[in-house]
Amino acid sequence: MGTPHLLTVEGLEQSFGGVMALAGISFQTPENLIYAIIGPNGAGKTTLFNILCGFYQPTAGSLRFNGHELRGLPPHRIAALGVARTFQNLQLFFNMTVLENVMVGGHLRAKTGLLAAALRLSRVRREEQQLRQWAGEALELCELANRAEQPAGALPYGLMKRVEIARALAAKPRLLLLDEPAAGLNDTETMALRDLIQRIRAAGVTVLLVEHHMPLVMSVSDRLLVLDYGSVLAEGAPTDIQADPRVIAAYLGGAVQYAV
Amino acid sequence: MKNIRWRTILAASLLLMGSHLASAADPIKVGAFLTVTGPASFLGDPELKTLQMVIEDLNAKGGLLSRKVQLIHYDTGGNAKEAVNFVKRLIKSDAVDIIVGGTTTGDTMAVIPDVEKEGIPFISLAGAVDIVEPVKKWVFKTPHTDRMAAAKIYEDLRKRGLTKVALITGDGGFDKSGREQLLKLAPQYSMVIVADESYGNKDTDMTTQLTKIRGSEAQAIINFGFGQAPAIVTRNIKQLGVTLPLYQSHGVASKAFIDLAGQAAEGVRLPAAALVIAEQLPDADPQKPVLLAYKKNYEAKHGPVSTFGGHAYDGIMIAIEAIQRAGSVDRARVRDEIEKTQGFIGTAGVFNITPEDHMGLALDAFRMVEVRNGGWTIVE
Amino acid sequence: MPEQLFQFLVTGVTVGSLYALVGLGFALIYNASDVVNFAQGEFVMLGAMTAISLVAAGWPLVLAAAVATLLTLLVGLLLERFAIEPAWGASVVATIIITIGAAIFLRGVALLLWGKDFHALPPFSGDTPIHWGSATLLPQSLWVLGGAVLLVTWVHLFLNHTLMGKALLACSFNRAAAQLVGINVKVMLRLAYGLSAGLGAIAGILIAPITFSSYEAGVMLGLKGFSAAIIGGIGNPMGAVAGGLLLGVLEALGAGFISSGYKDAIAFLFVLMVLFFEPTGLFGHKVAERV
Amino acid sequence: MRLVGFYIFAAIAALLPVLFPNNYFVTVVGASAGLHVILAVGLNLLIGYTGQISLGHAAFFGMGAYASAIMTTRFGWPGWLAMVAGLLVAGSIAWLFARPILRLRGHYLAMATLGFGIIIHVIMVQAMQWTGGPDGLAGIPPLNLLGWTIEGDEQWYGVIAAAMLLTIWLSLNIVDSRMGRALRAVRGSEFAAQMMGIDTASAKTQVFVISALFAAFAGSLFAHQQAFVSPDSFNLMISVELVTMVVLGGMASTFGAACGAIALTLLHQGLVVFEDYEMLIHGALLMAVMIFMPQGLFVGLSQVARRVWTHFRGRSTQCAESIGK
């Protein structure tokens, strides 16, 4: 467990016109681990994700990923460093098929430009084969192989969520950010999601999970970070966090007398 | 008016099937491409109505060389690209014998390469002098050139002892080539151009440009243009209280200009074909009967006459007389006959076409006219 | 030079108020439907031409203007009913093409009804120029400026202080939510097209004595009105008026000081600069891109 | 299998002049339709696939045409060199304008491109000493490619048909590649595309430049074919017509754009018979197609064809799908 930290966040602050969405949080995520971030709505989870991906620029603090400072980098440069994500409200390419969506995931693993593509050079044909194969693998991992040729918009909601994960995996990332993957899923789909997340970790990808579905979080995560009103409330193994009075107070609210 | 349109549609759709039954009773086909819609519809519409009127009257009197005459016309909407396609369609698909058309200089210049290559007589209705200079074998034109208009204006200015002139022109082909001629001829008439303003033909207000002119030491203003813009310029001049004499071009020689400009048009001078002052001509003037006949015939059907309709009348009449003299529709012989047109009395003046001058109008074909209490009067 | 500058500004404001009036129509429809109606210029033309024909037929000006406005309003309703509504849910680009088709169609109808030459409406109160300092302007321009102020305040009051107006705004912000609270969105959209058609007609009648009207007059007016609405921030009626006045003054100054030939190029170059620095127009509400 | 649609298109283009020898509607109208296809296919990459509207594309069409016209008539350059100059000019101006313009969205982007088109058109009208002003430039020499001087409508039909097929082939290749999917990703969701490592700003710039190059290429051919150019062939109405061709044919479909271009060119020729009613019918047709076939003429018709096909053959054919791409 003592491997160097993949992601180090120090004193991260973000304010939207006076409102402190993040009030100086710091944490570290070791490699090859499922690291969950929980907290009530408005705790700053999605803001943190958006800063990690470069959509927002933080007002203060630093975040280092694999030795690189992410602050100030645009999203596509951060993605090139090996960060991939899914979105809370689905951002699939509905104008393409499932296979094409996932092939876009492999964008960074290929090189041909617009001119080479236009002239249909031989390396373009080889690369297309390669991309098709990588996408197939990702679809296989997410059990979507039979849906490859269908338009992305024609799938049920649960499967669409999985296409987003497959698309992120096709980029062979080192860090995968999952933004509420269980939202809108029924129980059987959530169980399947848990197995999928474990298969992803087994494939050597570090997972950063934002999720409200507590049974899923507790059963799948190795470490937990609890945010409340933009600051770190607690950090540790799932069992410690469950017993931590501050967390219970934050979630259930008010003083609770324990029947000791 | 109704049945002509249906006959044209029927004739055109027949041709879509490309049936070329060549026989004696086959109609003589006159091709035309005019801007009946678009910015120059102000010119193209009376031209089309005149061509249809003349051909209908001709057919009523037994046609030409005992054959019916059929008009095939297309509307280019003022787009030169369309003009080229339609002329190719007239020559290749409709197999016309002669072409009378080309409302704007732009359309005319665009089709000249095809006309010359195919070798078909073409009488243009547009103004610019470079349509016939240098002379092109198959290309003729009936309207006065913009150079003649410029010369006529400068002559009148010199008579009135005015030498400092301000130009204000639109962004159309007619306007720009007119401006070019005014600039070229200025030294010859010792005129000094003290201001050279421009506007967009669809603009709604030219007071800015006219304020700059008011600030210059111009003694007179020349506005070369057609359509609604010159009427707005005329009203703006009155609005700004500018009292300098204003000269317009033959582009606005029609009643519509006076109606639009209203009171502001009083005192405006412009060179125009005799058509606008037909009644005031002395009876001895040879043009008078021709003008009155055309005017009566046109106004019975379409309302106030316009000089542009007159140009179309001259064009089609020259073509008809040339075919009659040639006794056939053979292109080369008709072309030669057009080139030999002598003393033809048209609405624009007396035409004497020669191998060097494919228009044939002298400067005196233009009459300097002035707007007085809502009508045109000759300026002695 | 300064007294010429004053005339340039006065001209700029009078021409700008034409663009502002037309821009208002764009803003109103955009408020209710998120679509820019490229036939707005044709509504202006229809209003002017109908009024001109009625006045020519001897009707008093006020009655002719009222009837012309109502007829054009009806055309706006019909356009929405038979062209926009059947294409419910089509993409923005497809709807733009539909409005462009409608513009060409209305131009075709006008061509058949009124032919090709130019018509003018006699000025409401004569055309003896008014001298204001070193500049002069036509009384009709005061009617246009007054009309613009009146219509803007009416639109502002209507949109923000009447129930129907608020319903209209609700549709543009979130159509689904508007439906949920019981607003009949289809009627609102039809109302928007009708109102902006009527607005366009009034604008057409006010400017007819200045600009003359023909079956094609709507094209350039529509273009300048669209530019005015965009500069001000699409959907914001006040913005459209400010945008129109700005565009007018810019054209006048460009023609006055730089070159009258490149007047339009200078004006549109400035429009580009505005858009590059303010991607949603000067006063457009900044839409935060939510991930 | 990928190019079955392309081969059908090529076959039709080759057969037409054989079936109808020197027929005006094949050669002259065909050549005009071919130029429109090149323009529409290029513009479709920008509007259909990448979702960025442009109401000023006739400006690039004009740049290609005027570059060829000015370089050959005033500087005596050979035709092909002038064409290359046109491509360079249009490409670099497109590259220069792309970044600021493509930051804009929806109607604001439409306005910026519309403004750009008007600025270029005003320059074409006013810069008389170069462009010959509103009456344009005449006397453009015939195009000489590899020693063959192109003369006459039949030869021009062949050259333009070949150029058209080349652009369709290039467009099909671009769409079916890593960069093609990146462009479509930009249209699908710009956020997700960025997270896939796509530099959306540079992708939009590249497609803007490519479509400008297609337009300039068509412009140069047009200049030599007509031997004359004038500003009113490149005004706002032409830009609007180009967008209509793409949307009418069917967005995000190379063959859709091509069919939209051909349909509108033929419509224009056919409607001229109705004289004053032309404008009325043109507007009504435009509305009707966009209302009843919102996804476009081609995609709509290929669906109708597929339904008829399945009705007769009882099973859907793979071929129709590949054309629909």
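We just call them A, B, C and D in the order they show up, numbering each chain from 1.
One rule holds in what follows: a contact is a pair of C-beta atoms (placed from the backbone, for glycine too) under 8 Å apart; a residue touches a chain by one contact, two chains touch by 3 or more.
Because the structure is predicted, anything quoted here is derived from the model rather than measured.
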If you walk touching chains, what's the least steps from chain B to chain C? 1
By number of contacting C-beta pairs, the most connected chains are C-D
Could you put a whole-Å number on the gap between the CA centroids of chain B and chain D? 36
Here the gap between chain A and chain B, centre to centre from mean Cα coordinates and rounded to Å, is 74
So what's the Cα centroid distance for chain A and chain C, whole Å? 48
Cα-centroid distance, chain C relative to chain D, in whole angstrom: 32
Contacts with two or more other chains occur in chain A at residues 55, 87, 91
Chain C residues counted as touching two or more neighbouring chains: 111, 259, 261, 264, 291
At which residue positions does chain B touch at least two other chains? 36-37, 171, 198
Complex contact set, residues of chain C against chain D: 30, 36, 83, 86-87, 89-98, 100-109, 111-112, 223, 226-227, 230, 234, 259, 261-262, 264-265, 268-269, 271-272, 275-276, 279-281, 289, 291
Give every residue of chain D touching chain C within the complex, in rising order. 47, 53, 100-101, 103-108, 110-112, 114-116, 118-119, 122-123, 125-126, 191, 236, 240, 243-244, 247-248, 251, 276-287, 290-292, 294
Across the complex, what residues on chain D touch chain B? 22-25, 28-29, 32, 125-126, 128, 133-136, 138, 153, 222, 226-228, 230, 232-233, 268-269, 272-276, 278-279
Given the complex, residues on chain B that touch chain D span 5, 8-9, 12-13, 16, 18, 36-37, 74-75, 78-82, 84-86, 88-89, 92-93, 105-106, 109-110, 112-113, 128, 171-173, 175-177, 198
So in the complex, which bits of chain B are touching chain C? 36-39, 41-42, 45, 171, 197-200, 202-205, 207-209, 211-212, 215, 227-228, 231-232, 235, 238-241, 256, 259-260, 262-263
